[in-house]
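Presented sequentially are two complexes of chain A, the first with chain B as partner and the second with chain C.
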Partner chain A sequence: MLKGHQTWVFDTKPVIRASAAVGGPFEAKGALADDFDILHEDVWLGQDSFEKAEKKMLEQACEKAIDKAGMKKEDVQFFLSGDLMNQIISSSFAARTLGRPYLGLFGACSSSMEGLALAALIVNSKAAENALAAASSHNVAAEKQFRYPTEYGSQKPPTAQWTVTGAGAALVSQKGEGPRVTSATIGRVIDMGLSDPFNMGAAMAPAAVDTIQTHLRDLNRDPNYYDLIATGDLGSIGHEITGDLLDKHGIKIPPEIFTDCGILIYKKEQPVLAGGSGCGCSATVAYGHFLNRMRKGELKRLLIVATGALMSPISYQQKETIPCIAHAVSIEM
Partner chain B sequence: MSNKKIKKLTPTQQEYKKFAKDRVPKRPVLLNSIRAFIAGGIICTIGQGLQWMFMTYFGFTEITAGNPTVAVLIIISVLLTGFGVYDHIAQWAGAGTAVPVTGFANTVASAAIEHRTEGYVLGVGGNMFKLAGSVIAYGVFSAFVVALIKITIKALGGI
Partner chain C sequence: MLKGHQTWVFDTKPVIRASAAVGGPFEAKGALADDFDILHEDVWLGQDSFEKAEKKMLEQACEKAIDKAGMKKEDVQFFLSGDLMNQIISSSFAARTLGRPYLGLFGACSSSMEGLALAALIVNSKAAENALAAASSHNVAAEKQFRYPTEYGSQKPPTAQWTVTGAGAALVSQKGEGPRVTSATIGRVIDMGLSDPFNMGAAMAPAAVDTIQTHLRDLNRDPNYYDLIATGDLGSIGHEITGDLLDKHGIKIPPEIFTDCGILIYKKEQPVLAGGSGCGCSATVAYGHFLNRMRKGELKRLLIVATGALMSPISYQQKETIPCIAHAVSIEM
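Up next is the complex of A and B:
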């Protein structure tokens, strides 16, 4: 099970029986629109608040994933979910609707892979037959909580990122067909002293590097073992820093197999500055786009490294630096 | 741990800060300044036009025309905020839309809109001045200090 210092190897190889991705209007215009199961025209989703809209999106992702697996929600033994709202209300409120035993997670934007790693661990240890892992974020709800009002006219620097409006869910099972979760590396909290909340990519890059390095060392693997290594939401600037930093540490990942969900999700002409961010970013790209590509046979071995910035608006105002984390999960066909 | 200790970064952190800084694109300061100049200039020209209109057609004097001029600019700014246009203009214009009175109207209106879902009292009322509050607080305070200085100079036989 535990290999090296931080890596779990799942000997029964839990299967992702089904997964679902739900997105908002901006994602519908994005580069990966075809990989979403449900796309909404309206950021409100017909709800009367953005927080309720995010909850609704998460519920839909969970229902869709359960539905695609041909199961009923009673078949899911445990529900693991995380999001960016204070007290992870989106996850807990969705769990209220789902009515299944629930573990709430907070790893900021890394919650998506934190959930998948733990779901695989639960299933692998036979503590459950099926576990559902999910994560969500909502652009307006996140902006409201972490930054300024949406309509406030402040000029954002080129390093700023766009929080993805989206939710993703994956149903992990003991039996079935589909991509399999083979190992997971749980990250350490890394703080390299950056404090600019408009440059999260650069703050999170060292955490991604640490986790990738540890993952490869623990499993004694070469980066070329994977068809694709994708970071969660570093954006174009954070991704470049990560590549350079890995180079400096003597790990050469060929650029054609190294990418970032935050870069992939939107089109170049969309005004997202450095790229997408948020739990929904890695969750929708992983559970939608990447798993679809695996099912089509385009990818055999995938490593997703979801990164998270563990700060709050208060810690930022108190001039604290940004502690960051990254969790890696390898999925193989 | 004291604040100073937290602020003190380890050599590795300092090294990384430099490493990251070399790879982060700089804000286009010159371009931003030019855009701010153009946008701010246009807003002020509109204001001047309005003042002239109030003086010519509505019988205001140069001093009394100030109030209706500002009111019109504020109404336009609030409407643009409500229609979701102002933030897009501001991303282009930067300080050009932030500094004039329209920017102040935008901070109040955007915060009020944002917190509508928390109700009119605790939401809109309580959060309306979330961003504008510090401008008002320090604006009033600095005006008070300046007034004190002026009175003191006058009392000492100055201008």
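Up next is the complex of A and C:
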């Protein structure tokens, strides 16, 4: 089960029976709009707060994934979810609606793959037949909590990223057909002393490098084993730094198989600065776009390396640097 | 592995090789002072913020548990931790210090047993030889974040509870001697429509009842199987309600084997209103007091039912009710 230092190999290869992605109006204009199951024109989703809109989106992603699997809520034995809101209220309130045994997670934007790794572990261990992993973020709810009221229209540097309004869910099962979760590398916290919350990509890059390096070493694997290696939400700046750092460590990932969810999700003309971010970024791109590509036969072996910046507004105000983490999950047909 | 609907039975019975509890000055005057490994006279722990004090306390609990097990940091393969701070910064910053692969959790005050359940699952699945589960809370850091600056001296109703300044850690291993984790019941979110953040005990009681009932039913077990069944931090009000509700459901737990960590931790003369609360409450009472009693031979079979109120100040301001959860873990000699 444990290979090397920090990689789990799932011998039963739990299957992702179904997955779903829900997005907002900005995502509807994005590059991957076709891969969302539900797209909302209204960033409020008809709710009276952005927090409730995020919860609603997460609930929809869960319900859609369960529905696509031809299952009922009751068939989900455990629900694992995380998000960026204080006390992960989006996840906990969605768990209330879902009514299933619930494990709340927090790994900032890495919560998506933390959830998928643990769901696969649970299913692989026969601790469940079916487990649902999900994650979400909402642009305005996140801006409000972490930065400034959007009405201020405060300017941001080009290194800043745009929090994705989106939720993704994956139903992981012992039985069924679909892409299979084959391994997961749980990351360590890496902090290189960066403290700029408007340059998370640079802060998270070393964590991505550490996890990719560990994953390949633990499994004695060459990067070319994969058809695609995608980091979570490093954006254009962080992705470039990650490539450079990997190069320095002697790991050459060919550019055509190395990408980032935060780069892929929006069109070049959208004003997202360095790209997308948030738990909803890797969750929607992985559970929508990538899994669709796998189901179409375009990808056979995928490694998703979800990155997370584990700071808070308080830790920033207290002049702490940004602890970062990355969890990698391999999915294969 | 999965028994009934939501209970994991750990066939290898992972062992808690060592555990540690760290507390603050108020806990040093409490009823269980002798069971803490480290007690601080200074609520700041020499740090320049309460948040940093909490992180320090959590680090000390982890280091102490590792040390008591006769191990080194490097022997810990995975670190699982949760706390009440926004974005669980206490856990994430402690994870940075520890440098081990990290899974961040959030289940409010139930985070302690969520961590122990998952650590036991990981060890039982051979996904690790050793995993460290921890949780913490800090009275002043929590008051500051969730309620009012303590300097206001705002009054509280008698149903309110006192957040424990404490951190607990348990080192769970495949090998070694000590109390063993035999099963875990993962709770569902239960919300009976209560919304008063100064009466968390009442809000959480139904979640405790649901998990206790499910645990006993899943394992076809009588409450008298246990020498002690302890809820996490319901306090005196919530504990009484839980007893009444269990009675109504036909589950009779003899009063002499039914207790609550929030009732036990402080002395009657301490001004804690309905009792202790916070992630550090069940973590320190379980990993300090209860495990010490097991090691002394006073208890053979223990069920800890850690409860959590999964709300946030924002959800409260938006007039949401309080979603609650409870996770139960059985520990046996």
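What we mean here is this: the second predicted complex is superposed on the first by the 333 of 333 C-alpha atoms of A that agree within 3 Å, B and C clash if a C-alpha of one lies under 4 Å from a C-alpha of the other, contacts with A are read in each partner's own complex, and residues count from 1 in each chain.
In this text, a contact is a pair of C-beta atoms (placed from the backbone, for glycine too) under 8 Å apart; a residue touches a chain by one contact, two chains touch by 3 or more.
Because the structure is a prediction, the values reported are computed rather than measured.
In the overlay built on the shared chain, the residue A:Lys64 is in contact with neither chain B nor chain C. By the touch criterion defined above, A:Asn86 reaches chain C but does not reach chain B. In the superposition on chain A, contact is made by A:Ser49 with both chain B and chain C.
More residues of chain A lie in contact with C than with the other chain of the pair chain B and chain C.
With both structures placed on the common chain, the touch criterion links A:Glu320 to chain B and to chain C.
When the shared chain is aligned, chain C comes close enough to touch A:Arg96, but chain B does not. Judged by the touch definition given at the top, the superposed model places A:His138 against neither chain B nor chain C. Of the two partner chains placed around the shared chain by superposition, chain C is the only one that A:Ser125 touches, whereas chain B remains out of contact.
Touched by chain B in one complex and by chain C in the other are residues 48-49, 51, 191, 320 of chain A. Of all the residues in chain A, the ones that touch chain B in their complex are 48-51, 144, 148-159, 191-194, 199, 202, 205-206, 237, 240-241, 244-245, 271, 319-321.
By the touch rule above, chain C contacts chain A in their complex via residues 1-2, 5-6, 8, 48-49, 51-52, 77-78, 82, 84-89, 92-93, 95-96, 99-108, 114, 118, 121-122, 124-129, 145, 186-189, 191, 310-315, 318, 320, 323, 325. Contacts from chain B toward chain A in the complex involve residues 3, 6-7, 9-10, 12-14, 16-17, 19-20, 23-25, 27, 32, 81-82, 84, 86-87, 89-91, 93-95, 97-98, 103, 106-107, 109-111, 113-115, 117, 130-131.
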